[in-house]
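Shared chain: subunit A. Partners: subunit B in the first complex, subunit C in the second.
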Partner chain A sequence: MEWLTVPREWLTSAGEIAKFCGKILGQVYSLKVFRFFGETLRQSGILIVSSTIVIWGLVFIIGLQCGTEGAYFSRSVGAPSQAGVFAAWCDLRELVPYAFGYMMAAKVGTGIVAELGSMRISDEIDALEVMGIDSVLFLCATRLLASWLVLPFVYLAAIGAGFFASYLAVVQQVGDVSSGGYFLVFWMFQNPPDLVYSLIKGMVMATVVVLVGCYYGYNASGGPVGVGTATAKSMVLNIVMVHLIGMLGTQVFWGANPRAPIGG
Partner chain B sequence: MVRSVADRAFLPTKNLLEEVGDMMILTGKTISSALRPPYPYGGEFVSQFLFAIKLCWFPLLVSTVAFGFGAPGLQAANFLVIFGALDRLGGFFVLASIREFAPFVTAIVLAGVAGTAITADLGARKIREELDALQVLGVDPVKNLVVPRFLALMLVTGLFNIYALIFGVFGGILATLTNGAPLGPFWATFFTNASTTDLWGSVLKTTLFGAIIAIVCCYKGMTASGGAEGVGRAVNQAVVIAFLGVFAFNYVFTQTLLATHPEILVPR
Partner chain C sequence: MSEDKMQADDATRVASVVDDRDDEFKWHTGKQLPTGVQDAIEFVDVHKAFGRNKILRGLNMGIPEDKISMILGPSGTGKSVCIKHMVGLLYPDQGDIIVHGKSVPMMHDDELFDMRKKFGVLFQDGALFGSMNLLDNVAFPLRQHTDKGEEEVMEIVNRRLAEVGLTNAGDKMPNELSGGMRKRAGFARALVLDPDIVLFDEPDSGLDPVRTALLCELIQEIHEENGGAYVVITHDIMSARRVAEHISVLWKGRIVESGPAEQLFNSDNAFVRQFLAGDSQGPLGME
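Presenting the complex of A and B:
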């Protein structure tokens, strides 16, 4: 059964990851994590200072992209005043969550792997255990709670950055539609539930990225080289998961109901 | 006092500029030593090429089908169904898949999977002092390690773009079938709207993405330092810089292509 070894390895590690993530989620859910609330706040601070600017930057570039494509596409079908439809759906529903997920995986996910991995190989995690501190609780659960405290606000601000970039691209750069005409259509094609759905999508991606990062970092082995390999491996799983969550979110939230202000 | 405030404000900027400059120098060195004989990098090129294909084919398949089915597939199909014009989804996929998402999903996957592996590999060699040993032996690390990775990643990213395109369109087919529509109109509008300009633009774009990813990841791997955390930190920075670089370049390229080739915008 030579060909079964690879799928079997995947299944084994999927089970291990699920077990580990279940443990972390349980610790946050049972409020045990508040024993280390100071550490949680410290992690929140690190997240704000080191990651937000990069995330907003990537979302901004993607927003420009949505705006450009929308402007040229609506011009090509002879309705340049309707560029707002494309920009609204492209930004809010699809590409802001994806861009957020990509940058979370790249900046925060791999950052956690590198940090926890180096703690593991320099035996700091074992030292924590010796001191009687639950290392999963102290290292992983605090990071998860910190990301839940901070990231909803980061995400909402990122949506703002994306909208601003699309406005710049459609109205200021290509300039087929007036500012008022653009915003009329743009705001008509979205409403608060869409924003909440988009936020849910982004938060699920962020949660998965943090959990995957914790797993690979906590279980790193094999010296400094092993940390590098674990960081690279976590990225593979993160990218696949971000795309799958994006697809499932679209299917669940907008698959049966387009939520458009037109048509029957 | 003034000095320290200025240092705090400008040192990060200065470091960033220095790093970008170093990457440009590495690009120049790589291109010149790729062209100048001798050419000792054939075997390494082939092995890196196969390595990238082996790592990336599955994540890329899942990612492009998911993206194609979700973003342009379901959302655009929902919009078009309102107007009773689902057959236009094929035409929309030329814009969505060929021009936009096949290239950038390819870049994301290649940077995240192959690029990180390259950084981890080179970083490991750097901190084991293998790169210094190579130089002592008179072997040029740029020619023997960076050039084959640069060329292999450029070629593999360009080829994977076609692969991503096929599976992205497959996502669109799934979306059409979900709506219970026949596939004939999808293909009809797809092939009447597709143009050669779009295709070569897409392939050229991804080839250059591959170059960006290879340079950033090799640079970060070869300059890894700082003990236990060094390699992990290098991979982290490499993937962030590669994503930002790829997307910034994507914006400029698409903008230029759309503005200079208005004929690809005419709907047929």
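Presenting the complex of A and C:
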């Protein structure tokens, strides 16, 4: 049946990606990756230097938007002092994870595909293999571990950037509420478990983006055009996955219980 | 195994690969002329296809120990695929590849990674790591596989770089080097662990005739110094005349003939004669 060809190809592809990602996760879980801890630290350094400012910058802008929208919306319903509710939820639960996921996909994910893809087509990965080095371990597992070492801190700092931007927009720019009044409501509508849930959302997104990037880069073929195609494919899959993880995270963590001091 | 016995084996190992039913293999006598030494690498009836494209079609070939062997053949005939099979980067659909008596396709991952330490490979464009300078590229295998101190590593690296004429280029990045320099640096990296077998994938591609001649001389000098089985893949006849001690002519995924270089250059086989003379007249056309 011809109409089954495309879904069958998708299924095959999903199976291949899952198998490859499982291998990388296994290499990190079994601690084999520590054989190349130097490379892990190098990758951590690259992440910090090349991606941190961009992620913080994007999240800061999103924080400004959350603050502005929150301030005018709460003014329109006659409760400007409640602007902190909107900012707290918008920043912590939704837009910081999404902005983080987008920037991970656009900057880190595509970077990994391009780097590993060009290593593949210039025989560098084959060269590693013939030197007796497990190339998946050296190139992919080290990148995953590096992201786990660095990104929680980058993410937490990004939340700080988003919060700061919302404060600037609500209190300093729109100015319908005092600093004390804003923070009273802002902190009332979030607590440490929310921060942990948000962090989990962000880290799952980061993990998926790195794994997808490694898969498409490592398995790139067809010369420079093939690397370009692989980069585009990884971006599409990563954006879809970021939204799926965002939606599932909100459902799981806040779907049944909004964790808000509303009503009884 | 005694040398007499090996010679007798070699003499009787005139493969009967000719498939009378198939005219395209009429020049493939599969003759493997005796070399008098044991084979470091053997291909036994190896078949490999990529989709519908059959690359190796019953390849039987031996690479003798301690000689510079060349695998010659027209473009697209499966020479690079051979190299990838030797080091387990590709697996055959059928048949076996034996390195120092052990079957490569049967090896587990750990065994395979260990076996690969016997090999040094010079890829077409050197395959240097773009994120490292030349010193780090050449030092990389030593740092990963030995317990040598940094001072000893640097001493070995500098010696190898000097051998290939790159003494002062250690701090350069690969993208700052010419094609010939990248090849020489790749050669230095391939040799740094003193491998038993060194594979060269078209070392002459993209080089001018003078630099090709110099690289061939370098291969010869280093082989004289270090020994081991060197396998050079090329379709450049001049290079073959300069350095080959053993030649295997590959066409359409099978060996046409193989044996000591001087015997192959005097072969009666019309295809071998045409190819080794670089003649336009003969069985090999543009198809």
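To be clear about the criterion, the second predicted complex is superposed on the first by the 264 of 264 C-alpha atoms of A that agree within 3 Å, B and C clash if a C-alpha of one lies under 4 Å from a C-alpha of the other, contacts with A are read in each partner's own complex, and residues count from 1 in each chain.
Here is the rule we use: a contact is a pair of C-beta atoms (placed from the backbone, for glycine too) under 8 Å apart; a residue touches a chain by one contact, two chains touch by 3 or more.
This one's a predicted model, so the numbers in the text were calculated from it and none came from an experiment.
By the document's definition of touching, of the two partners only subunit C reaches A:Met131; subunit B does not. In the superposed pair of complexes, A:Trp254 makes contact with subunit B only, with no contact to subunit C. Using the contact criterion defined above for the overlaid structures, shared-chain residue A:Gly228 touches subunit B, although it does not reach subunit C. Shared-chain residue A:Tyr102: touches subunit B; no touch with subunit C. In the superposition on chain A, A:Asp123 contacts subunit C only, with no contact to subunit B. In the superposition on chain A, the chain among subunit B and subunit C reaching more residues of subunit A is B. The interface of subunit A with subunit B overlaps its interface with subunit C at residues 118, 122. Chain contact summary for the complex, subunit C toward subunit A: residues 84, 87, 89, 109, 113-117, 119, 121, 123-125, 127-130, 140-141, 144-145. Those residues of subunit B that touch subunit A in the shared complex are 55, 59, 62-63, 66-67, 69-71, 74-75, 78-79, 81-83, 95, 99-100, 105, 108-109, 112-113, 116-117, 119-120, 123-124, 127-128, 178, 224, 227-236, 239-240, 243-244, 247-248, 250-251, 254-255, 258, 265-267. Only residues 118-119, 122-124, 126-127, 129-134 of subunit A touch subunit C when the two sit together in their complex. By the touch criterion stated above, subunit A contacts subunit B in their complex at residues 54, 57-58, 61-62, 64-65, 68-69, 72-73, 75-77, 85, 89, 93-95, 98, 102-103, 105-107, 110-111, 113-115, 117-118, 121-122, 223-225, 227-232, 235-236, 238-240, 243-244, 246-251, 254-255, 258, 260, 262-263.
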